[in-house]
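Each of the two complexes below includes chain A, the first together with chain B, the second together with chain C.
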Partner chain A sequence: MIEYLVFAAAFGLLLLGLHRKVIARVQMRPGPPVWQEILHALKFSFKSTWVPKTASSLLYVGVVLIGIGIWSAALFVVLAGESILILFAIYMLHKIVEHGFGLSSGSPYGKFGGVRSVISAASEIPLFVTIAAIYFFTDSLLLRDIIAYQAIHGPLLLIAPPAAIAMYIVILSKLPYGPFSIVESKELVSGYKTEHFGVWRAGISVIDGLKTFVLLFAFVAIFIGAVPFSLALVIMTVVLVSLSFVCAVTPMLSPFDSVTVQGIVTLLMVGYAGVLWWVMP
Partner chain B sequence: MPDIGGDPLFVLEFGDILHYYTPYTITLFLLALIFTGLAIASRPERQIDIAFGGDAYYAKETTISEMRFRRFMAIACGLATMGAMGSGDIFNFTLFVSLVGIANIGIVAAVKSRHVLNAAYEYGIVAMVATLPLFGGAALVAATTGTLAISVLAGGGFAVPLVAKAFLALGVIGEGMAPFYAAKAEMFRAPGAPYVIMCSLSSLLIFLRVVEIVITI
Partner chain C sequence: MKKTTITYGLAASALVIVVAWGLLAASLIPLWAAETAIVIAFPVLVLFLALWWRAPGGEEDIPFIGY
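Showing the complex of A and B:
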């Protein structure tokens, strides 16, 4: 099992490196090498580490472990074909982890990053409505049932494209350097990550890698269905590159606009789910 | 037995009242347990604030008695949340959720700051008003189906009114208002990260549980 975790974290970090590279090339910059995020994680692993004097030490350390724990669980939920409701729960609970990162240090920058994370809760609702829309078609939320449904009826990407677009926006809202990346905006230094350094920052890198891998892999499994693993990795890379293009050409929104746009997406998705509820037998 | 959150792992019977855990609810339960453990064992952070107009900063001071009371409320909140995660009875679920709302008010209201107390007062009004749709939703389910057991309702054959489900969801959103208050005074001004986080966590967890219940019944 540990080999799955290591691979997922490393591939996720590689995708994040590719994300930075694509953004840089679109913006006519050379950009860092694609393995830069892996190098960052390794570098932070060997840097000097301590806990700030003002921090709530147990919480400060605990949230790093909880973050790795929940995304490891999410990976196995996806690989085992379990309920995507658990994935939804973990996605929402990641917000609590971000909040914990921000508040535990006592730093105002981290605190504002954590608070922004909580106010961007609007990004979770499209995911929930996506799940509800999928349920109308598949009558189950178990990933293996959803994959079996697609084997008979074809990819959900074609059957329910608005749901796929909503999940695409959900993934976009969790990517760095994107229009919704208000939790890490520069006026907050590094947002909720500001006071976590050394091994703790390496832990955050592992969380980011796992999160990126799980969300993209889940997107492929939910909307395209069963494909060979190598092909799934290729599709994940293609989806990520498309997301990077969006990030490269879109300025970061203000917190208010970010929540407003996500709220509009939610309303559209609620309307779509309402139509499905009305017309589906 | 509902399988929307995965196949049931464990069922505990108290007469005709069931307490059950699926992979979904056990995940939520364990997270509530872990964060309650953190609230018990963690010392609060010393919150730093920047003084406007210069480079100065200062650390907020808080009294031990205040922190003790907030820790007690955070533990109560964690226990109520854990109860709500495993409950197989809608009425028990609503009771646990209302207890979460009360504990959330307590966590915030113990802070001796005018701004925080104002926020807690508003928060308290919303939480108290939200008990009406919360228990009203449960009452409607009981009146229309004759049962409050989630496992029985999940078995099919019952037409649970949409308005009952909407009331349940509305009640839970009202009780777990903490995320909606994140940008308001208490989150900025109230130190004590392990306790403030219990507000957000419990709100999210009861929301996640009511989603499962509303889809299941």
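Showing the complex of A and C:
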């Protein structure tokens, strides 16, 4: 099972490297090599490392451990076809972890990143929850039931496209250099990650790799259904490249605008769920 | 953190993962129990492995906290 975790982290980092490459090519830059994020993780793990004087040591180190732990758990949840409610819960825990990263170091940059994480949680988590509208079709939130439903009726991507758009925006919100990436924007240096360096930053890279893999894999499982693993990896790559194009041509929104746009999409999704509730037998 | 402490932590986390994997392979524990053990031990393994091979040196400092 540890091989799944190592593969997911490495493939997730590879996807993030591809993300940077696609953005660079769209913007007429050569960009870094595709495996740059894997090299970053290794490079940071070899650097000399300590805990800043102003940091709360327990929280500063603990959030890295918790971050890797929750996304490892999320991978097992998705692979086992368990409830997507657990995925929502892990997503909420991740927002708390981001906040913890920001507050633990005592740096104002990290703190602002943590505060923005809380602000974005107000819109991201309801947006994620709206994909539960698929319950009206499948009568279950278990991933294995959702996959079984699609084997009979076809992909939910075609049956409930608004729910797919909601999750697409959730994944877009979690990608770096995107319109909603307010928690690690450049005016805050690296946002909530600013004061986590060396080994701690290598841990964050593992978190980012696992998170990217889990969210894209969950997207494929929830909206495409059962496909061979190799084909799932190809679809995940295609979805990521489409997200990279969006990131490349869209400026980063201000925190207020980011929450407003996500909030409007959430309201539209709630309306969609209401219509489904009204018309579904 | 002392090098010996890091070595013990690394060995303990690796041991937990190997034992959980072995017990699952022998069908002595259910899948969820092995997954729980790995979810707890994997983050420790990642951090302690990096702490074990990191470059020496460095001491705690004060980050930029504003003007």
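Note that in this section the second predicted complex is superposed on the first by the 272 of 281 C-alpha atoms of A that agree within 3 Å, B and C clash if a C-alpha of one lies under 4 Å from a C-alpha of the other, contacts with A are read in each partner's own complex, and residues count from 1 in each chain.
Basically, a residue touches a chain if its C-beta (ideal position, glycine included) is under 8 Å from a C-beta of that chain, and two chains touch if they have at least 3 such contacts.
What you see is a predicted model; the values in this text were computed from it and never measured.
**Student:** Where does A:A132 make contact in the superposed view: on chain B (first), on chain C (second), on both, or on neither?
**Tutor:** Only chain B; A:A132 stays clear of chain C.
**Student:** Of the two partner chains, chain B (first) and chain C (second), which one does A:F46 touch, if any: first, second, both, or neither?
**Tutor:** Touch status of A:F46: second partner only.
**Student:** Can A:G106 be said to touch chain B (first), chain C (second), both, or neither?
**Tutor:** In the superposition, A:G106 touches chain B and chain C alike.
**Student:** Name the contact category of A:V199: first (chain B only), second (chain C only), both, or neither.
**Tutor:** A:V199: touches chain C, not chain B.
**Student:** Looking at the overlay, does A:I90 come into contact with chain B only (first), chain C only (second), both, or neither?
**Tutor:** first
**Student:** Return first, second, both or neither, reflecting whether A:D257 touches chain B, chain C, both chains, or no partner chain.
**Tutor:** Neither partner.
**Student:** Quick check on the superposed pair: does A:T54 touch chain B, chain C, both, or neither? Answer first, second, both or neither.
**Tutor:** Both: A:T54 reaches chain B and chain C.
**Student:** Touch check for A:L5: first (chain B), second (chain C), both, or neither?
**Tutor:** second
**Student:** Of the residues on chain A, which ones does chain B touch that chain C also touches?
**Tutor:** Looking at chain A, the two contact sets intersect at 53-54, 66, 73, 105-108.
**Student:** Which residues of chain A touch chain B once you look at their complex with the stated criterion?
**Tutor:** So the residues of chain A in touch with chain B come to 53-60, 62, 66, 70, 73, 77, 82-83, 85-86, 88-90, 92-93, 95-96, 99-100, 103-108, 111, 115, 118-119, 121, 128, 132, 135, 140-142.
**Student:** Taking the touch rule as given, give the residues of chain A at its contact with chain C in the complex, in rising order.
**Tutor:** 1-2, 5, 44-54, 61, 64-69, 72-73, 76, 80, 105-109, 194-195, 198-199, 202-203, 206
**Student:** Using the touch definition from the top, list the residues of chain C that touch chain A in their complex.
**Tutor:** Spelled out, the residues of chain C in touch with chain A are 17, 21, 24, 31, 34-35, 38-40, 42-44, 46-47, 49-51, 53-66.
**Student:** Sort out for me which residues of chain B touch chain A in the complex.
**Tutor:** Touch residues, chain B against chain A: 3-6, 22-24, 27-28, 31, 34-35, 38, 41-50, 57, 59, 179, 182-183, 187-188, 191, 193-194, 196-197, 200-201, 204, 207-208, 211-212, 215.
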